[in-house]
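By letter and in written order, the chains are A, B, C and D; residue numbering begins at 1 in each of them.
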């Protein structure tokens, strides 16, 4: 520990002691939710604690990662939110990395202070696994882009002020090269948000219909036709946050099943002495523990600078955990699993989980896509022939 | 039942009564093994009972399939071998369908009478799943072909008089179009047979090294460059025989494990009351029963002329059965499965099966290849892009 | 009993498929499953007219006189279409009890109106624990001066909330006997149970000194229940096999049509190989269900083994196919508007209705003498 | 006990990997596994010189004074190379017993020669039933005038046929005590057992009034056995994790190089996705083995849970990876000449050596309080 580190820690502590009262609102790791703006967040930003890794001209202190961790640790110790946004605020990082000076000057502070709500306009009915196949059309007219198309699986769309949008600006370029990335203003007539009813009978997501929606030219992030690159960095931020166990907007939630563990349920159901069930209970419990151990080891490797393939295995592992837990819960409940509703909470758990598990095994890239990514990026296995890669997008089958 | 059918049945019965003594040697469904030639087989052939569906000029009676079944049933009832070779004799059927008149005249009767031993020269070290990728070279010199290359997984090669050989005669044609099919004489200096030691520590198969081996031009079956078509019909015969439960030369054998069933083993091991093991035992026993039911239903559909996807599922099902049975046997034995040898027959069963199961899940097309075939031929799912299909073979990667 | 040729069975199935194609579409299912009664009285009438409701009821009682083989084929069609309604409860289970019982009077009184669909009957055979074994019966019968009354609880009663007639298994004189109860009688309270499978209806029924008509003179009746349950298990197996096949067909069609990365997703091995495995499960389920039906029809000595095999094979196959189907469809099948989850809900319900797969695997092994 | 930094551990592993790369190649393994003794005395000497054999033996006895964490890392390397020899029997299990026992004399007499590899010791802890629980001990000890003798049977004794010293668990005065036996003593009969894993050596040993030296004064010793077994389980988990990783690497390399249909087979989803699943199993095994080692080193209260978790996770992972590897290689891995089956044989052996995965899953649940 250097003297500089000690001084820094001292400075943060002193500042927190002087400014933090612990009754304040928290933040989601993916950035403050809409309307989460608080005097506190503003204070944190102005005191340059929100993004200590960033340069001074952008509310930062140009600290090293190690130093920034010190700041985050002190904030965590005090239970104070708002720091570490240089790692975790998907929106602000994307804007800072790719926005124009004037746009950044306007949007970045607002994002850090939680003054604007955001959503993701990535997936389309025709572009799920194949995100680069989006067909939402953005055409330049003077100093603005006119956007037409449909997006889906957008959470928080109703409250959002902006959506990070990937749209096609060039139909003659190959699929990855004709895309552009925008901060699309959501509060306008051309944007219609319709809740999407899920198989769980909930509606956490929306379809977003874009009809001559307008994005000012300065809301273009990155170069025209360079949207895929911007999207990849944005997805990387998202994954890094998800990797830390926080649930990004496109990851699943175990739902009620989290409330009680399998052993408790088995005891309650009088099945804890069934040797066959015990094997299943042990295995699912083990899968969960192993996923925690893998994540911890992956983090440790990364902390030591060693690259680790483990992180990207987490989602695949979680998918198996959720589906297997649903299966075992159902078997433990037997006929009870026929029922649902508030009077049958255990059945509700098992049934909800049996459906919501697909959220993780499909959402944010299906298990099949994950296996391809792991095989190619982690194990270095060769890609398949890509029939749609180097031809004009308008000639791709199905377009 | 028509009068003609009754007359036929009567004729067969009378003939069998007059000629068959039940102390004679049996035949393998894939055709008489080498050296299985018997006076009896000769008798059957000359009496035109061996291939009743075939035309009269080829030892047959031009009977309908229904009539031929009557003949086979009578032979089966008497326990007499030799009939039904028009369905089951891979070698004779292939020769009859594709050989030249003079070649057929010489080879077909010998095959029906079991006077010549046969083997298959299909797979190569570089052409396993991708059989059409064979690189054994056949070059025409005057009235014969000179053959160089290596074949593998050939059973009965040491005793064989001929091998059915697929070799490449045109390297500038696409992979499927440059192949030709031969009856290769095996007893010649250019053919070296080396036993292949398997992971089971047995050697049922051989590598066959071909060094300037000679095949007379008249041993070419089908047109030059038309070998793939001939191979497909040959494989179809093989599958139809295998589909009937008989094990073709490239299908697996359950080995010792067949001798005792799982319930008996569990009782012997004192594990029959373990509820967890009982679930596994029930499931594996069920898989076996289901495979029998599927085969029976598939045959019934075929008998009614309805096409049935079931037959081609049998190999995939058998693969699961064998691997799962090995797993359950091992779990039942516990520490005993560490051992092998004559003093530990149960361990020998489990360990042998755990290895030999790959014979079925890899041999004759891996489970993965089977799933592709089932998906495309049975379910009509589209093929993958084939990077090597329409280019000269010499340009194919890896050649 | 009437005899049916292969052609009779095929035309019966074809006619039913056409009827369900007209009046039992996905839209009809979605509409019907939201109604309190959970069935479409109009479609029910048509099914009765076609002879489906009374299919296995003796012809002397106005039924079709068919057996398990015909029933299984019919259920493959209703399973494929996710038919909502009391066919299994009334036409199969309740009718099966009345035909297995030796009670001429009850049969004469009840079977004709069950066959023509005007009467919906069901059976109350188990308590809150579920299980469908004699031990799980929690209704007691008492006789005073030749008059019987029932007290206790029956649960998981399929379509109990719409039944005109309840056939109740109750403890009487140290055995299990069957009783006929009018659900509107005093002391009967019928509570609908919320079901995860919204095409299903279940009820919990309490009896408190409820007047009941004893059937077959109160003779021990659990063997009768088992015979009716065997017919029901065969029917359910057919429903599961038919459901699995329809889901597989839907999924394969989608895999051919859905293009990602410039290719139909069915051209990717991940999807293609899953589909091949599902075909094996589906064909095995069909084989198991039809084999069980034939064995029961033949009165084969191993019919019980065949029925247990079908019970867990078809339950697991339908569940596996319905579950994999959602994964193979991807996001679109995560929406309420897509039918995939309706099949998964049905598959999960069918797998528990008269005993779970693990129960039947254990039973199968016991029946095999282990 | 010595302290090791991350760097120390890395260089220890690197040095061992180089040594095995020179003298523990596949060819060496194949040659060694066909010898009666099943180990290469030359390589054994080098391992001793490198401090591997005595790694976890206290420094005062000439060992390396290392703990479970270093041992686990080392075993990952020996597992990857399919090392043949009594490392686990002598350097881990027997040495572990002597270090857990309070018998200064035995420790002083035996540990130094075990550490320098000149003495091969092993432990006889179970009978013909296997099981490695006190109930499965089938050797009885009798004392007459201060002299102890053993009678009975011990089986599955690892490397029992080459051991210079046997540490035997026997029933004495109604408890289980440990005894030291010279295998050349009267009444000892050592029968080698044929093993499916040809890189392993097992023996069955019978004792008939065999003179034995009682250890720790005949104090109840099963807790000592459990402590030595915990160290052994951690070592075995490391061996399994290392074996799984080597097999996965081999398989991935082959999938990149092997061309069929004009493409490396690793470009097909069927192979690629299998490999991805195997990576998850392999990483989980590595995490479980290292976590168990750390927990044991820390004397954590949940070390037992961590060790059970590692025991079945690493056993199942190694078995699954070795089995899938053969399928992914195809025909070439069905030949004796290909190493894949050597790993499958080792994986199947390791999964049974000190208790099967199902046994450890059950134990894990009990240790979790269920």
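We adopt the following convention: contacts are C-beta pairs under 8 Å (C-beta built on N, C-alpha and C of every residue); 3 or more make two chains touch, one makes a residue touch a chain.
Not measured: the values here are computed from a predicted model.
The chains that touch both subunit B and subunit C are A, D. For the pair subunit A and subunit C, the distance between C-alpha centroids works out to 44 Å. Mean C-alpha position of subunit C lies 54 Å from that of subunit D. Distance from the subunit A centre to the subunit B centre is 54 Å, each centre being the mean of its Cα atoms.
In subunit A, the residues touching two or more other chains are 275-276, 278-279, 368, 371-372, 384-385, 387. For subunit D, residues that reach two or more other chains under the stated contact definition are 263, 268-271, 273, 358.
Interchain contacts join each chain to each other chain, per the touch definition above. Residue ranges of subunit C in contact with subunit B, taken from their complex: 6, 252, 255-256, 263-264, 266-269, 271-273, 275-277, 279-280, 283-284, 286-288, 290-291, 309, 312-313, 358, 361-362, 364-365, 368-370. Those residues of subunit C whose C-beta lies close enough to touch subunit D in the complex are 268-270, 273. Per the touch definition, subunit A reaches subunit B in the complex via residues 274-276, 278-279, 384-385, 387.
Contacts from subunit B toward subunit C in the complex involve residues 263, 266-267, 272, 275, 278-279, 281-283, 285-286, 289-291, 293-294, 296-297, 304, 309-310, 313, 316-317, 368, 370-372, 374-376, 378-385. Here subunit B touches subunit D in the complex through residues 123, 125, 127-130, 133, 152-153, 196-199, 201, 276, 323, 330-331, 334-341, 343-344, 347, 351, 354-355, 358-359, 361-363, 366-368, 371-372, 386-388, 396-398, going by the rule given at the top.
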